[in-house]
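In what follows, structures are represented as structure tokens.
Next, two complexes with subunit A in common: one pairs it with subunit B, the other with subunit C.
Presenting the complex of A and B:
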């Protein structure tokens, strides 16, 4: 029998713009991560900087941002800049939703760890959050 | 001549024949198929219980709201249109018109505008934090003069304008009406639609919406104003589509749609509004997705339940208040980024289900919408899909062709039973607004969405090209790229607008709006908020400025 893993469970912030009402995917991912015994904080943000403030308050290990209708690159770049300003540049960022080919190079340049589009297997999403959390906590 | 028609003068078939003769005089709607067989515009007979079957155009309208439908008036093709600045959208409008699209009823032009998310939620382009979304996925509009560009040279009496948006709906209608007024058009000649999705707390308006009670009060205000001043305007679209897209099942979505109608009607009754004056301008937006026969049955059930609720529960008597007008849209959430051409096929089946259901309007999504905003080629293919169904397949010759099918009739009855059971549960929980406030509704929808996703994950539900028949072919499809300059131009434009207008006049109009809001909140002067919105828009107030006042007065969700 495997030794019981007593490491803390991942703490995740999932977020979406207050004006982007298409929240089916992120609500579904929140339930999937909870079913995988992660602690999930799900918020709408007004300013990209708010995302970082909440991430720090809630002491999360991964941030997941969902986009449906615009702001993919600009918002992500602002969050990355704020992470650097608050000296948590290594806090991993995952982006999902409608990510167009022309969004990908700037998102990768910004340091986004993973991009998930519609149809991505939920098991991959869960495994990615798990892995990024453990790495961030220095557990892997 | 159809065999098996009841002969009695008071039979549904005989009544239908008289209705057709009275309404269409001696026009002949029979078609002939390739083999030369003459086709009646609708077939009747005995239903599964041995009684003469209901006919189209007869209460409770299971088989359709008109005695003769596509044989006389085809569905209206309303491709969603809108991106960037008004001038850019206008270019796309002109292209669609050239391609034979944008056809409204009775030779009108018709446009189905979608707005970018800031506009949709009622924010101006210079609101902090919205910049990345300006002109992306819709048009940026925030002032009456934007409509002068969008609709330059159009005869608004011959143009049907449909506006698809959320919390920004009340202000958006005001911008359009103010622009029409400036161009000298009389309000009672203007036809169109504002979706007014402020009723939607199922996943589409979120924290930018008004408080649930404030939203339903505003819906009543707009309905009362339009009934008096803009009588041809459709003031509310209950979107079964949006509820489905948020993850609900068909039965849930129909039930919640009817529950929303009940909540609106109750609000109107409370405010002393005669339902027969406002309900005929309410309509539905229905999703056509993955369950071909269920889509048809749910449409038939929706029409029937709507008619029964409005007549039996609310005492509506006007036929227009009992007839569910339906705008169909194919399912966006079924569009896949993987093997995107498969979406053309999905959309065609969805559209066919809608046509066999007897809908009034149609939006067929573009096959590339899971990749980004549609390309011109993809938009054209959507229009061609509708044209092929309308003009090649013969599906339009006979109304309610599924009527009498053991399967579809039983499914229709079963959906009706389940819908009434959910409505009873919502009543027991204190009504829809109480269910929204408690979070129960949202929880129901999220649970259904999660269950659907788990079925995909486990393979119990197939999505071709996603969890079955997947390939790793390179995906090098063209994706439409919105203008990255749109944000800068829109912000500069609204700043210039604020600098050039009469700011004292604008501020006074916004004060009037605030006072009207307080009155309407107190249950008095219903209709005056919309009147003051139009006055404010005419005084060059922006969408976001009007929205700030409305949020103050009617509260914010959450």
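Presenting the complex of A and C:
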């Protein structure tokens, strides 16, 4: 198999809380991104700060967080604060899942780049991760 | 955008990685993985410089519990080895080239520990259970101050013997009840094992599996040090004993052969030059290289003329001609 192994591949971290067992959505996104030639790291975080520690070690270009129960705004704000503390405030954040209308303004205010509230075509989701990744890596 | 991501050279990457900052180490690994010119220079700069860093390879079939075992061992290793690096390799899709890297799901307990650095690597088409650049990444982690590095292979079985050439001590992890699959393992991977580990000892078939493995070890000739141990990451049975056994094996493990050992120095140099030249051609902003590519595409010059011309152009290129990133 002649896979070109020197092309930089988008690296993405997809994550959800370890107490949230709804993993169908995140698995579906992971497979779609894999099929779009991205390298996808999966973790279930225990603390919001874990997400940033892992993102740094894995040198990812985008973080995607799935919420299927609670904590949408509070968790996201903690992750944004930790990104700033670790001096990677420009690492883009995407949020998806059960996002209620009143969650949207504070998520946008926190600097989330894209919010997928369900029903978005998968092609749009993939294109968003691709675009954010290329911009962050400086290839745009 | 993020200026920090634009191409520092190999020496700069190394200086930053040596500060121990996890993002600097991570970006150095990315450069090595992508085989950029800077990444290749960095790999050459750290080659073979492992110092006192111990290395452990963990292989075995899918589902044997390699990731969980590593996760469980970290606690037993940290008192002895203050900084631990873990490389976990998962397969890349042969269709898209993408990958889902899920091993560290089992290592969540250590996500926030600044003394444990975990990196997921995609095999990117490389066979043998590790990635093409795993050796250089191990060397980098050692140079960045890790005292212990664990390499977890893809986990597809028979042909995953490359890790044996990269690490001091090799664990082969098996699960009870694999039955006939055990036969397949026997032919290849078991031969590189310093220690055989039957994980999931809490399951009823564990005793039978360990008996088979011990019988097999006797067949291969008695060696006190090559043992089969039973552990359970669920009950923690046998984990402390396994950590002790690993420590014991380090004492008499020969250092892993250096890259290209046995190959002539000239052959090794030729491979290094080829790698570096290829990266420089890929990244070059030199208009002469662009012209050669254009002429080659248009059929104006032959492939051999193009290759010669590109080598000439590289030969007198100044570092400024190399495009960042």
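Following the convention adopted for this analysis, the second predicted complex is superposed on the first by the 133 of 140 C-alpha atoms of A that agree within 3 Å, B and C clash if a C-alpha of one lies under 4 Å from a C-alpha of the other, contacts with A are read in each partner's own complex, and residues count from 1 in each chain.
To be clear about the criterion, a contact is a pair of C-beta atoms (placed from the backbone, for glycine too) under 8 Å apart; a residue touches a chain by one contact, two chains touch by 3 or more.
Since we're looking at a predicted model, the values are computed, not measured.
Visitor: Return the chain, subunit B or subunit C, that is in touch with more residues of subunit A.
Guide: C
Visitor: Give one of first, second, both or neither to describe whether A:47 is in contact with subunit B, with subunit C, with both, or with none.
Guide: The answer is both, since A:47 touches subunit B and subunit C.
Visitor: Using the touch definition from the top, say if A:57 reaches subunit B (first), subunit C (second), both or neither.
Guide: second
Visitor: Applying the document's definition of touch, where does A:132 land relative to subunit B and subunit C: first, second, both, or neither?
Guide: A:132: touches no partner chain.
Visitor: Should A:90 be classified as contacting the first partner (subunit B), the second (subunit C), both, or neither?
Guide: In the superposition, A:90 contacts subunit C only.
Visitor: In the superposed arrangement, which partner chain does A:18 touch: subunit B (first), subunit C (second), both, or neither?
Guide: After superposition on chain A, A:18 lies in contact with both partners, subunit B and subunit C.
Visitor: For A:79 in the superposed arrangement: first (subunit B), second (subunit C), both or neither?
Guide: neither
Visitor: Check whether A:107 is in contact with subunit B, with subunit C, with both or with neither, and answer first, second, both or neither.
Guide: A:107: touches no partner chain.
Visitor: One more residue to check, A:37. First (subunit B), second (subunit C), both or neither?
Guide: second
Visitor: Where on subunit A do subunit B and subunit C both make contact?
Guide: 18, 31, 44-47
Visitor: For a test of understanding, state which residues of subunit B touch subunit A in their complex under the given definition.
Guide: Listed in rising order, the residues are 116-118, 120-121, 123, 128-134, 136-138, 166, 203-208, 245-247, 333, 335-338, 370-372, 446, 449-450, 453-454, 457, 463, 466-467, 479, 481.
Visitor: What residues of subunit C sit close enough to touch subunit A in their complex?
Guide: Result: residues 1-2, 5-6, 22-23, 25-27, 29-30, 34-36, 92-102, 104-105, 108-109, 111-112, 114, 117-120, 122, 124-126, 132, 279, 282, 325 of subunit C touch subunit A.
Visitor: Which of the residues in subunit A end up touching subunit B in this complex?
Guide: Checking each residue of subunit A against subunit B gives 17-24, 27-28, 31-32, 44-48, 68-75, 98, 100-102, 117-119, 121-123.
Visitor: Touching residues of subunit A toward subunit C in the complex: what are they?
Guide: Interface residues on the subunit A side: 1-9, 11, 18, 30-31, 33-47, 49-50, 53-54, 56-59, 86, 88, 90, 135-140.
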